[in-house]
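Multiple structures follow.
One chain, chain A, appears in both complexes that follow, with chain B as partner in the first and chain C in the second.
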Partner chain A sequence: MKVSDTVLAGPDGDVRIGDEHPFVVIGERINPTGRSRLTEEITRGDMTTVRADALAQVAAGARVLDVNAGVPGFDEAEMLSAVVRAVHDVVGVPLCVDSSTPEALEAAIPLARGKVLINSVTAEDRSLDRILPLAKRFGSAVIGMANDEEGISMDPAVRLAAARKVVEAALDHGIAREDVIIDPLAMPIGAAAGAAAGAATTMFETIRLIRDDLGVNVSCGASNISFGMPDRRGIDAGFLAMAIHAGMNAAIANPLHRPVRKAVLAADLLLGRDAFGAAWIADHRAQHSTGD
Partner chain B sequence: MREDLEILKRSLIRADPDAGVAAAQRLVDAGVDPKAILEEGMAVAMFELGEMWKRGEVFLPEVVASAEVFKRCNAVVEPVLLAQKDENTEPNALVVLATVKGDLHDLGKNMVGAMLRTSGFDVHDMGKDVSADKIVAAIQEMRPQIVGLSALLTTTVPYQETVIKRLVQEGLRDQVKVMVGGAPVTPEWAEKIQADGYANNAPEAVEVARKLVGLAQ
Partner chain C sequence: MKVSDTVLAGPDGDVRIGDEHPFVVIGERINPTGRSRLTEEITRGDMTTVRADALAQVAAGARVLDVNAGVPGFDEAEMLSAVVRAVHDVVGVPLCVDSSTPEALEAAIPLARGKVLINSVTAEDRSLDRILPLAKRFGSAVIGMANDEEGISMDPAVRLAAARKVVEAALDHGIAREDVIIDPLAMPIGAAAGAAAGAATTMFETIRLIRDDLGVNVSCGASNISFGMPDRRGIDAGFLAMAIHAGMNAAIANPLHRPVRKAVLAADLLLGRDAFGAAWIADHRAQHSTGD
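Coming up: the complex of A and B.
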């Protein structure tokens, strides 16, 4: 099945995710998970680091920014709204609004300018029933996770079935097929001793199945693959290049990591999405001029 | 005995299953108190491994491998412990343990289970990625005194609250004490979701459990 472009919009214009376009890095940094200083700041309404992270990630090539404000015990709707405002104060890229709480999405999405990507819905009935009506109401695109009530399978066919359930439910809600992006789930390669290689190979196989059978774009949380390993950026970079070749057109990742940025640019160049190598050369010049 | 205890600890940290199981077996055969093997050997090693993890000295596949060795060594020590238990009935209370839905991290929960058993508790371990539905069903069926909920991800910690709310809805909340734990869990969070107990590590979990069933102050 042909994969149609997913189009997001921000104050500065559209971003197209698709086979004919450069790979889209969705900057992952604005997320309090595991970041004690950011957590401490946003829980008291200080947006200094949020703004700095927004600027730095866009400068480093992020074309969409993920925004997450989930801290157990705090009012997520209020904090996510504040984060969305702060990010739009400094950058004009489309946002990927990251919450599984309908109240937080409902509060924050109207504050985001343009067409956002909701991150995320799962194939669980409860999640589909709560999140998809919001995507429809706000005209948003949505990331669907390839897991259901049974958890995360290591069988690509089972993940495909969960992805199919999300796509069909979205269509039933009147959401266009191209506004659904499936996350086939990148699990830590170091987590399960015996099945270690399966975390990546399962994912590549699932990417192909989702594209062929459902005709939708694929994205993932790329940094998860290297959790708990030394020299993570090298793993992230290798993984991204391989997943892009398997058909993934966007990922939530850290563009400030140079190996990640280089892997994405190299994949675009090698797959013919960087005419005359312009982006690769421009990145080289930008680094060269700042003394990298 | 000291030497075998050191070998056991080293085998757990280096994830050497054969050496670890052999050392555990020698200790058991020599009549060493299984509780001492667990508390002075295995728990010490896993705590040290946790510290090494925090310092970035060991990596995920190594921790996973050590957790496997822990399970295998525990399989040697636990039967001896359970055989002894009949003589020592205190505290004779059942604890149901689960790593909550969406979370696959069970090393800490497994340690808590092993230490609770050594302290005389009956433990029913529901495993990882366990839904509120299943926890409710287990409580209805088994009537435990305590349910322990573990979560290691900031994204899954809120599920501890989900479970507690379900217990309230099902009218079960006053029939069971709830303990919570896991790296991102704080005493403030435990208080906010109205858990009955919070523990920062496995030995502390035993103390909290003893208090919850009225065995300690």
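Coming up: the complex of A and C.
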């Protein structure tokens, strides 16, 4: 099935995700998980690091920013709303509003400018029933995780079935097919059965199935793949190049990691999505001029 | 069609090229093209740099070494023979004997230990008629270039037809199918029609066709792809990851280029060809201990 473009919108313009466009990095940094300083700041309403991370990621090539403000014991709706406002104080890219709390999404999405991406809905009935009406109400696109009540399968056909359930439920809610992006679930290679086997190959196969059978775009949390391994950025870079070749057109990742940024730019160049190599050469010049 | 393993042999053991094995880097450095010091040395019989390059490439992960001694105006048969002897003085990996001069191949191949790879034959009749009998006579495997008298096409189907001609001619000479490796011809992306479009995507599509239709392994001269571009190694690394995902199991490349080495190791890890991540972790430790 042909994969139609997913189009997000922000004050600075549209972002198109699709086969004919440069790969879209969704900057992952604005997330308190594992970041004690950011956590401490946002829980007292200090948006200094949030703003700095927004600017740095966009400067490094992020075309969309993921925003997450989940800290146990704090009012996520209030904090996520404050983070959305702070990010829009400094950058005009579309946002990927990231929460497992529907109330936080409901509070923060209407504060975001343009058309956002909701991260995420799963194939579980209670998730579909709660999140999809928000996507319809706010005209948002949505990331659907390829897992359901049974958890995460290592069988690509089972993940495809979960993804199909999300797409069909979205269509039932009046959401356009191209406004659903499926996350096939990048798991740590170190944790996969057989050690270092299966997590990536399952991803590549699932990407192909989702594209062919459902005709929707694919994204994932790319840095999960290297969790627990040394030299994580080298693994992330190789994974991204291979997943892009398999048909993935966006990922939540850290563009400040140079190997990740280079892998994405190289993939665009090699796939003919960087006319005249302009982006590759501009990146080279920017690095060269700063001595990096 | 299932791709059978290509097996080379050297004093230190066999090297298997195939889907179930780690990617095979064929070290490209022992080649006078563009290397004035190496050229000057080998034309006066000094093998200092040849030996150093052999040792360094094997230490960096090359499992096979390409050996080329073509310098216009000098006796290539004599020089290639001397290079083969010098390389075997210091390393025991199988060789990829590289010459466009049949007489040089004929002189040098019997000096190489074990079972070698001949680089290369084309689909041109005069090449097939001259090189394939050498492969049969010496029990060698052979790299077949996917071009014929008409030159190099940008149409994957035309390259496939040239590759098929090589495979069928090899079979007619009594050479086993698995002893033919096809080079689909990596061309500079900068030189492709439309600038930076076509050279890599043509490669990826041709790799798939050759594997599916002919059931043979694929290799290429990987660094050609980035010719004329800045940050060549980053392009080579992304290209290798994508081409490996497309089904390429060996390449002539420079393992001393760290991004290239990392891309290959990451691909092996992600495809489940590096049990327990042993090679990835060993590389990390080796780099860490030397402060690289």
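The rule is short, and it goes like this: the second predicted complex is superposed on the first by the 289 of 292 C-alpha atoms of A that agree within 3 Å, B and C clash if a C-alpha of one lies under 4 Å from a C-alpha of the other, contacts with A are read in each partner's own complex, and residues count from 1 in each chain.
Just so we're on the same page, a contact is a pair of C-beta atoms (placed from the backbone, for glycine too) under 8 Å apart; a residue touches a chain by one contact, two chains touch by 3 or more.
What you are looking at is a predicted structure, and each value in this text was computed from that prediction instead of being measured.
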Name the contact category of A:136: first (chain B only), second (chain C only), both, or neither.
neither
Using the touch definition from the top, say if A:35 reaches chain B (first), chain C (second), both or neither.
neither
After the superposition on A, what does A:269 contact: first (chain B), second (chain C), both or neither?
second
In the overlay, work out which of chain B or chain C sits against more residues of chain A.
C
After lining up the shared chain so the two structures overlap, which partner does A:188 touch, if you call chain B first and chain C second: first, second, both or neither?
first
Once the structures are superposed on A, label A:200 by its partner contacts, choosing first (chain B), second (chain C), both or neither.
second
Examine A:241 and indicate which partner it touches, taking first as chain B and second as chain C; both and neither are also allowed.
second
Name the contact category of A:70: first (chain B only), second (chain C only), both, or neither.
first
When the two structures are overlaid on chain A, which partner does A:21 contact: first (chain B), second (chain C), both, or neither?
neither
Is A:229 touching the first partner chain B, the second partner chain C, both, or neither of them?
both
Residue overlap on chain A between the chain B interface and the chain C interface 190, 196, 229-230
For a test of understanding, state which residues of chain C touch chain A in their complex under the given definition.
189-190, 194-198, 200-201, 204, 225, 229-231, 234-235, 237-239, 241-242, 244-246, 259, 262-263, 265-267, 269-272, 274-277, 280-281, 283-284
Flag every residue of chain A that touches chain B in the complex, lowest number first.
32-34, 70-73, 149, 151-152, 188, 190-193, 196, 227-230
Which of the residues in chain B end up touching chain A in this complex?
56, 59-61, 63-65, 68, 101-102, 104, 129, 131, 153-155, 157-158, 161, 184, 188-189, 192
